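For reference, the structure discussed in these notes is given below.
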Amino acid sequence: MTKSRNLWGGRFSQEADPSFATFNNSFAFDRRLFAVDIRASVAHCNGLAAAGVIGQEEADKINAGLQTVLDHADDSAYFDQMASEDVHSFVEARLVEIVGDAGRKLHTGRSRNDQVATDLRLWLREAIDQLSNGVRSTQAALLDFADANSAAVLPGYTHLQRAQPILFAHWCLAYFEMLARDRERLSEIRHRVNVLPLGSAALAGSSFTIDRDAVARELGFESVSRNSVDAVSDRDFCVEFVGACSLIMVHLSRLAEEVILYSTSEFGFFELSDAVATGSSLMPQKKNPDSMELVRGKAGRVFGHTVSLLTMLKGFSCCEM
Amino acid sequence: MTKSRNLWGGRFSQEADPSFATFNNSFAFDRRLFAVDIRASVAHCNGLAAAGVIGQEEADKINAGLQTVLDHADDSAYFDQMASEDVHSFVEARLVEIVGDAGRKLHTGRSRNDQVATDLRLWLREAIDQLSNGVRSTQAALLDFADANSAAVLPGYTHLQRAQPILFAHWCLAYFEMLARDRERLSEIRHRVNVLPLGSAALAGSSFTIDRDAVARELGFESVSRNSVDAVSDRDFCVEFVGACSLIMVHLSRLAEEVILYSTSEFGFFELSDAVATGSSLMPQKKNPDSMELVRGKAGRVFGHTVSLLTMLKGFSCCEM
Amino acid sequence: MTKSRNLWGGRFSQEADPSFATFNNSFAFDRRLFAVDIRASVAHCNGLAAAGVIGQEEADKINAGLQTVLDHADDSAYFDQMASEDVHSFVEARLVEIVGDAGRKLHTGRSRNDQVATDLRLWLREAIDQLSNGVRSTQAALLDFADANSAAVLPGYTHLQRAQPILFAHWCLAYFEMLARDRERLSEIRHRVNVLPLGSAALAGSSFTIDRDAVARELGFESVSRNSVDAVSDRDFCVEFVGACSLIMVHLSRLAEEVILYSTSEFGFFELSDAVATGSSLMPQKKNPDSMELVRGKAGRVFGHTVSLLTMLKGFSCCEM
Amino acid sequence: MTKSRNLWGGRFSQEADPSFATFNNSFAFDRRLFAVDIRASVAHCNGLAAAGVIGQEEADKINAGLQTVLDHADDSAYFDQMASEDVHSFVEARLVEIVGDAGRKLHTGRSRNDQVATDLRLWLREAIDQLSNGVRSTQAALLDFADANSAAVLPGYTHLQRAQPILFAHWCLAYFEMLARDRERLSEIRHRVNVLPLGSAALAGSSFTIDRDAVARELGFESVSRNSVDAVSDRDFCVEFVGACSLIMVHLSRLAEEVILYSTSEFGFFELSDAVATGSSLMPQKKNPDSMELVRGKAGRVFGHTVSLLTMLKGFSCCEM
């Protein structure tokens, strides 16, 4: 990486230490923001044009350039051959290669701080929608199971001791309810994610009179942030999201645990399909519920992410973004 | 504790081991549910009477008895002198002492499983309201600070390096926004807490035709649970609550961190009042921001509780409640 | 609490706000350090006398006074009636009541920072020894079980599917091995706990030439700390201890989980004694493994404490102790 | 992946569901065990030969084949083109391609359970050595700093308020001490990692009389595991390792925090070299301590891993490995 590729560098007389440059490079992480970074850049470009900060012709040129960059989204070689500090530098460098110095004007009135915040919110909004659909599919599968076995009866347990008989369908619907709460939570978090931070600049707000409501509408945001210091440092929604994922994992882990138990030869209520079980190299008679064990085991990773994010957020004051 | 004090004990021929009895005793923890346990019992009693399971006269007697028990809420000797396995056994034992065998009928159509769930929800609903009021007071204090210093300017920092000047009021309002999100989260959680589980019995639902909607109305619940297996095992709301508290602590911790920093002699923007600082035994010139350090330090405890609860919930399947 | 009871207060013109005073008061927590605080004070007093900082007669008087204070260790009224900021202020105030102004000399050459560190290490050393003994007793019980059932065979499971038969004794000894590692860890941590920090003062070291090795010997410490800035801020050993406890809980939780499973009617290998099980109010045929469930459930609390302490330690730089 | 590539599959009549196969595939994770898996396989092969289970000629052929497989360690195409369930299947499949059916005999007397445990210990032993060297280098750098600035004085802070002056070297040596404890911990953990589990088979021990002490010597293990059920399920050392890493991160995070603080214009004690700082796109006068912020921020990830591993371990009983 040469210094000329950085978006900053004014007072610096010395090159970055290579090991620091590697350590500081976030492109392996934030490369996944590529598409949303371009989408946000198009909206910002339109905002700059509408405010008269750049001309419409220039804006059209920039937007066409951004579209050309975006066309490489699935071309992994495109990403690998260009060293970049982060996805924002990468996109800007590619844009400048295509449209020349006009590309540099795109950074007018925004900072990486509000750019990161905007990208992250766009990306997470999509992730929430995908996850919510996945949870709904699981709910539908539970309903199908219940429907296909409407007369089946299971022992109901408390303290893992037989208590009272229940319908298998009633058991399925218990998990349906848990997942319904999960979807409700995701929907509430989506509302808090769906706020435009762009216009906050580094922290004090942009001095250009860009119509933030118009930018928000273009990007599908429901509202605009009210305080620039808060907007660039707010990552609450990440913790909320991972917290909601933790509860989803609690529910799936419980479900997996019960399936494992009820599939033992001792309980013997369920038998896993060959399609989702594995065998043993030493004991060919066995049928192992690896799929369920993996679901259960992965819960720990999500809990761990909750701790990671809380610790990280606690450590960063607003004055350190 | 003698076995006759337990609500169970049918097939048991041997006394509980004293160290197990101590270990298993939850009265030191759930004693705080005393008032809500009685409130839920009154509503259940009215439900039983309305369904004709017990007579109105009996119900009146039981309710009067429960009121008498409740009158001891602030009498710590009352609690200390009676060994009880948990708050539910305690209340029932006291009730029977007052109204005799009629008191035992109160347990008809409910189990400790749905009783615990109901009490916990009533208790947490109050805790949420108190916390939310506390957060609002902090917001009000921030507004007052901003208002009283409306012309004051602070350096705005990024990476703890001076970036751009901001109004002190702008800095205050950043925290106002964080706390506004906190209150929004609490309000959403309250909605999920505010659901009546009573009627689920141990897990399979009560066979008595008690009007659950009427019981819910009496207790101020907005709705009734839909699945009894889920209702007795659902503790999602506890994780959600502690998760929301974790974010509140992140915000207060950041605020405390900035106050500590800006109160150093090097930064020198703030000076803590004597009323919220301490001195040093060896160095009388010092003024220590202990209050802020404590706020910051206590965040870790709340994060820890999130982990505790997630781990606990993950370990308990529905079949183990 | 009046200001005169604080060990500090020089430049302060205003009383502490009552809610801050309550919040800042640690006596409810550190009261458990009472006995070790006095033990450390006696050793410090002897160190001051040996260095000629105080006279031997004065030292004898102080030590006798400290012994009189210690005699109240089991008198809860003694603690309740005196408001104190922390256990150190409490002990000093009681001492001054008994021996007069001589008592104030005890604080010469030490600060609350190294006092807290010393007390904590003495207290934890005892806690480690108690815990290690408890673990050894559990190992002995496992050996007894193995011995008393030396011919019994269990199915060995992998993935909760029957794999190969194993001796019940082999199963017991697996847990014996886990607990053996636990004791090894505790013993290594004890070595790092067993270091004298006293003499570090607030952070820069005491200017009095007290023989720290002699003080260490008197208190049973194996060595003295080498760097005063590190010594007052080091709490690594607390995290290490809670980490070791977390692994103990992992092992006990696994054991409990297997006991619960093998005690179900479906597996039916074990039956819990009445002495460590509970019954059900609604279903008298049941025998619930509450004791094992509690063991398993409490693991989460210990994991949570690990997170709490790590978060707290991370937040406190050396310059903030 | 076709079923014939699995090490198991006897009773299965149906193909694995593709999404389950993807989910269950661990090759992306355990590929890093490639070199140690081969090293352990060579030692196992020698053990089988010494016990007469396979002939010496066959053993030589297998070992030569394993060496050929290992020669591809740096050839990423080699790994990418072959779908495998895990690294063990991958190595065995490659071996059979080279030496034919003789390669299948290598799995005699071992199971994937003890293979995973052995590989993991070999791998972690190297990771510990590397990390310990890194910590030692950091200690050396601190000594150099201290030495090069032996007369420099810093204000010593408590509660971030100036307390007493200290030597800069004294401050450096405080961190030296913390890192010394870190290395001590790593060395103790290495001792517990360095135990051979091979010979435990799935859980009940191998029935072949392989000289485990000889295998241990060949692999550099200090001892052999004593109980097969424990040996295949023990992952304590992973938690211990991540716990020790968490404390290392606490220390580095504190160091980073102090460097950030002392590099502000307000404190002004330090100035970061251009080589480890970044600038700002909007504010060219700035010099940001990103390197230090990243160190501090990454602590949260390590804390999170501790929680992940504890949660995972708690969930897996011995009977589920």
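Just so it is clear, A, B, C and D label the chains in written order, and each chain counts residues from 1 on its own.
The working rule: contacts are C-beta pairs under 8 Å (C-beta built on N, C-alpha and C of every residue); 3 or more make two chains touch, one makes a residue touch a chain.
Note that the structure is a prediction, hence the values are computed from the model and not measured.
Where touching is counted per the definition, the chains common to subunit B and subunit D are A, C.
Look at the CA centroids: the one farthest from the centroid of subunit B belongs to D. Annotation: A-B is the more contact-rich of the chain pairs A-B and A-C, by number of C-beta pairs in contact.
Taken over every residue number at the interface, the positions common to subunit B and subunit C amount to over half, indicating a same-residue contact. For the pair subunit A and subunit B, the distance between mean C-alpha positions equals 31 Å. Distance between chain centres (mean CA atoms), subunit B to subunit C: 28 Å. Chain centres here are Cα averages; for subunit A and subunit C they lie 41 Å apart.
Counting partner chains per residue, subunit C has residues 158-160, 163-164, 202, 253, 260-261, 280, 282-283, 287, 290, 293, 299, 303, 306-307, 310-311, 314-316, 320 touching two or more of them. The touching residues of subunit B, when paired with subunit D in their complex, are 158-164, 260-261, 263-268, 280, 282-283, 286-290, 293, 307, 310-311, 314-315. In the complex of the two chains, the subunit C residues touching subunit B come out as 6-17, 20, 23-24, 107, 111-112, 201-202, 253, 260, 273-285, 287, 290-291, 293-294, 296-297, 299-301, 303-312, 315-316, 320.
Remark: subunit A residues 113, 156-160, 163-166, 170-171, 173-178, 181, 184-185, 188, 192, 202-204, 225-230, 233-234, 236, 239-240, 243, 246-247, 249-250, 253-254, 257-258, 261, 299, 303, 306-307, 310-311, 313-314, 316-321 touch subunit B in the complex.
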